[in-house]
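Following this line, the structures themselves.
Two complexes come next, and they have one chain in common, chain A, joined by chain B in the first and chain C in the second.
Let's turn to the complex of A and B:
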């Protein structure tokens, strides 16, 4: 049997090693690459700040995924929910700020973004509860629609005519989410950490969380026990999408101030493997998100410097998933052999 | 009596051993099955019968030993190979496509590149029907046949490619008493045609009635064998004693109580304190109707009432509305029309939580399917229907320490065998899972308890415990409703037995005298006289 620590670390190490071999095959020095990633993503002050900033949307998405996955709902429509929430904030904030104080603007934008993401999850929730349609398929379909719809919104109704590139109007830097001390890190990271801890508490220490888990683990048992499966499923979708939506709002209100057409960071599917790696544990997911953010930020500059394609990070993610599955499988086998 | 038995056996097993994680399912079993013989394989649940059948059907590979067919060593690597070797298996649960007709079901599994040859299939169908002495319309969708007829279709399919050996795994569990008789006739006719029949059962009486030879399995071992010559010389009582001796040889007193269950076979009602027949009804149903859903049998105008301390049985072949009835009683399924009163209070609109507050408890037959959450702890499962209630939750916050210590106490008082309260429930044995359910549902504030197939899949010891639990609950003044397909069980426990057929209550029978025959007739849909 493999200890729980190595069960988590082994896939990471294997992914890095095999990723390094691929770099070697491309004629690049893997050690130099990884060294550069660490230097730029972690040990360099501005790089570190970038990493933390990048972590906040990832953490909010992760907390949304944990709620859903623990309740047995496979919400894979994160990107659509995220972008529509971002559009809501990007369209609303520059208008509201003209008449409202900035704190109120931010609060209203967050609420509207959350509602927008929730609304987008309503369709798969309804289809699942009413007709038993698999939410993996419906949320994925809704995410494609959501991405396109977000583009339409940016290019048509919310387009800023004074700008040559299609994008929404811009929220002035001074009115965005507050900075922490004298860093460039915006306070979204505090919101994100609070969300992760809250989700962890709710799922492990409350009756509501236990009900969600029962519905997820065995909906028939939940019905047998008198839980209203439909209502709890709606709640799961709403909570999950709402947290993702908050991530979209924080990214616009904290980092960009505007939304460009065709902007889609596609964080959603990148976070899914991290959440699995953390075994849906809210505390563990913080570490993995940080690791991943370092890889993203450091990887961006490292690829520029060393001429490695930028999407090499995606190769690492893919390897991580493969080795995660492999280690799980081997562990499962050895457990079975031990029992026999 | 049986000259065929002198020849080489149709199939023989030699030192078959099969291990599963944690259990030795088959331990060095050697058996010979002869042509022209009904060979009853007797053993309680978990004795290793199903594993042995699985090996013969090619679904599992033995870890040790080998199989010979007509004296030649063979390897049965897949179900297809098993059929090729002319071994036909009929499993306990019907494996037919409901929406296809009988003949279409039989033609399934033909080579995909070949056109269906309906004409020759029909010829084969009539040939085997005649052999079995059954009459089934080949163009009727299987879903419209009775379970007994569906089983006959399965037997036809098992013999489709010219079966030499027919394996029947617990074939009587889904049948009415009349259906069981009919099956006996079919087995005798096939035997006379020279087919080797392996008849797997856990019912002693059936083994004696239908078997030419009886082999007894226990804890994965072959513990005894009564050859035809000896068996035919024995009277029923003598044979019973012999088999019980085989099944419980060298065991202590606990097992003699288990043997009691086997022998009793429900011929007399167990003695217990009489209930007060002048009391008001604890639960009363009036003209209950439920919505029919595809594949389910809905309720049609069900009315009955049960008094405190009374045990009311629901008999009937599985799938005649019992599930809907249990769910309506528990508040899990709404009634389309009709009314329900619990202790004199109307409870039509109540869901599960409100029904529970009135003292209604439901012990489902699907212990893992809906009764429990396998991946969660024993402690959580004990609390499954009380999530959010004080004192284990306060303001919605879980007080795990209280839940765990409560669970430790329950585990102790109910003798639940589990490593700890944190153990995943799915790792417990069937008997212990049933104990968890019983502990959760029967408490001081229960007033009506519904048991759905309370001993289904349990071994003798746990069967006895569960039945005793029902008796004690009744003696405490709880109104009990027992839904069961085992007629013996109902005759042993109940004061009255209602019989369900096609979603209706075809009659209610007082449990004395010739109750068994009356119930048997009602199970086939005949109305009460």
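Let's turn to the complex of A and C:
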């Protein structure tokens, strides 16, 4: 059997090695690249702060995915949910702040963002519950729709006419999410960590979480046990999308203060392997998210300095997923041999 | 509106519908073959992307559209062979690997494009056409349907071929059994994994050619992320077609037509933002699914790996 430590480390190491070989083939020095990424994403104070800031949306998305995956739902519509939630906050906050105190503005924006993301998950939930339609396809379709719809909203109804580039009005820096101590890190990371812990607690320690997991493991058994599978499925979609939406709100209220047209960080599918690496464990996902945020932040400055475009991170994520599944498969094989 | 539907407008609409519809048709047919055999091929988007890049590069450097389509098909099959290795032979999770292949192809094609062309987007020369004498003289319809690259006619003929394959051959029966009841196929002495591997590779071939068509004929150039969900729409077409190739053709025609309509309206001077145009196919998919979801059909053994002797 493969030990739990190497089950986690092996895919990461293999992905980094094979990714390095691809860099080599493209004529770049992989060691210099990884060294630069570490220096910039972890060992440099301003880089490290950016890494922590980047972790907040990733953690909130991860917690949303944990809820969904544990309940056996493939929510692959994260990007659409995230962007529509971001639009909601970006459109609302600069208006509300004119008449409301900043704490109330932030609370209202978060709630509206969460609702916006939930609304976007309603159609796939309905189609799955009513017609048993596979949510992988429907959430993907909704995400493509959502990305373009968010752009339409930013360019037309919520466009700031006083700005030459299409974007919403801007929330003043002073009214955004508070900064921690003397850093540039906004308090979104606290919200994100709280969400991850809360999700982990609810999913592993409460009757509600257990019910969701039963539906995920075997919907027919759940039905026989008298669980209302339809209602629990709606709840799963809503919770998952809501957490993703909170991530979109935090990104706008904490970092940008406005939303530009065509802004799409596309975190959705990138977080999927992290959640798998963590085996849907909320505590473990924190470490992987931090690792990945270092990679992203370091990779972004490496793309400017070393001429390796950030698309490379996509290749790494794909390799990570493949090796993850491969290690899982080998583990499964050795377990079976042991049994036989 | 009366002045809008001129002869030129309708002609360009039909022409656009064919251009947009062919890749969807190829993707839908390809996905249908995989799904019939019990493999949910989420990686089809990645196969199309690799096909688009491979097809474009080869067509660009050789100047031959045929070599481009060939390269696109091969590139799609390379991605498909990874899917075969991981999902069919090793029985790994089809959805995880499908996502991985799609993300990986997005990253890899963008990287390759960056290192090959830097920030330039070179264009191909005009598409050579195979004109059908007589038919091409028909006003409006002629230029849209009968003055096209020969691959367009082949793609439509392929629908007939796949329908024949499904209905009249042992291969078709084997495919269906691999998706409906793989254990029965195994008992009949047919290799389930080989059947599924063949199905996935055919999907890769068709998806790759479809991707190459999008790059070389549709756009005339390659841009990173250019497939933009066409592969996923192919999955929806296959889902709604319930195993019938002719329904895929109908679906591709409808989607192609509606997509071309918005572009044609834009050209005709209606002020629609591009984002609205991009929303349309996906909005249509959702509406179609809400209306017709109860009629969609997927084989019982879909996305389940086959292990001999397991129940």
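Following the convention adopted for this analysis, the second predicted complex is superposed on the first by the 340 of 340 C-alpha atoms of A that agree within 3 Å, B and C clash if a C-alpha of one lies under 4 Å from a C-alpha of the other, contacts with A are read in each partner's own complex, and residues count from 1 in each chain.
Operating definition for what follows: a contact is a pair of C-beta atoms (placed from the backbone, for glycine too) under 8 Å apart; a residue touches a chain by one contact, two chains touch by 3 or more.
Note that the structure is predicted; figures quoted are calculated from it, not measured.
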| item | value |
| --- | --- |
| Partner chain in contact with A:127 - chain B first, chain C second, else both or neither | second |
| Contacts of A:205 with chain B and chain C, given as first, second, both or neither | first |
| Touched partner set for A:152, first chain B, second chain C, both or neither | second |
| First, second, both or neither for A:214, with chain B first and chain C second | first |
| Which superposed partner A:76 touches (first chain B, second chain C, both, neither) | second |
| Broader residue contact with chain A after superposition on the shared chain, chain B or chain C | C |
| Chain C partner contacts - residues on chain A that touch it in the complex | 22, 26-27, 74, 76, 123, 126-127, 130-131, 133-134, 136-138, 140-142, 144-145, 148-149, 151-152, 155-156, 269-270, 272-273, 276, 309, 311-319, 321-322, 324-326, 328-329 |
| Sites on chain B touched by chain A in the complex | 19-22, 330-332, 351-353, 356, 362, 364, 366, 369-376, 380, 384-385, 387-388, 393, 396-398, 400 |
| Chain A to chain B touching residues, read off their complex | 204-211, 213-214, 217-218, 220-221, 223-228, 336, 339-340 |
| Touching residues (chain side chain C, partner chain A) in the complex | 40, 42, 82, 86, 90-93, 95-97, 99-108, 110-111, 114-115, 224, 228-229, 232-233, 235-236, 239, 273, 275-276, 278-279, 282-283, 285-286, 289-290, 293-294, 296, 298 |
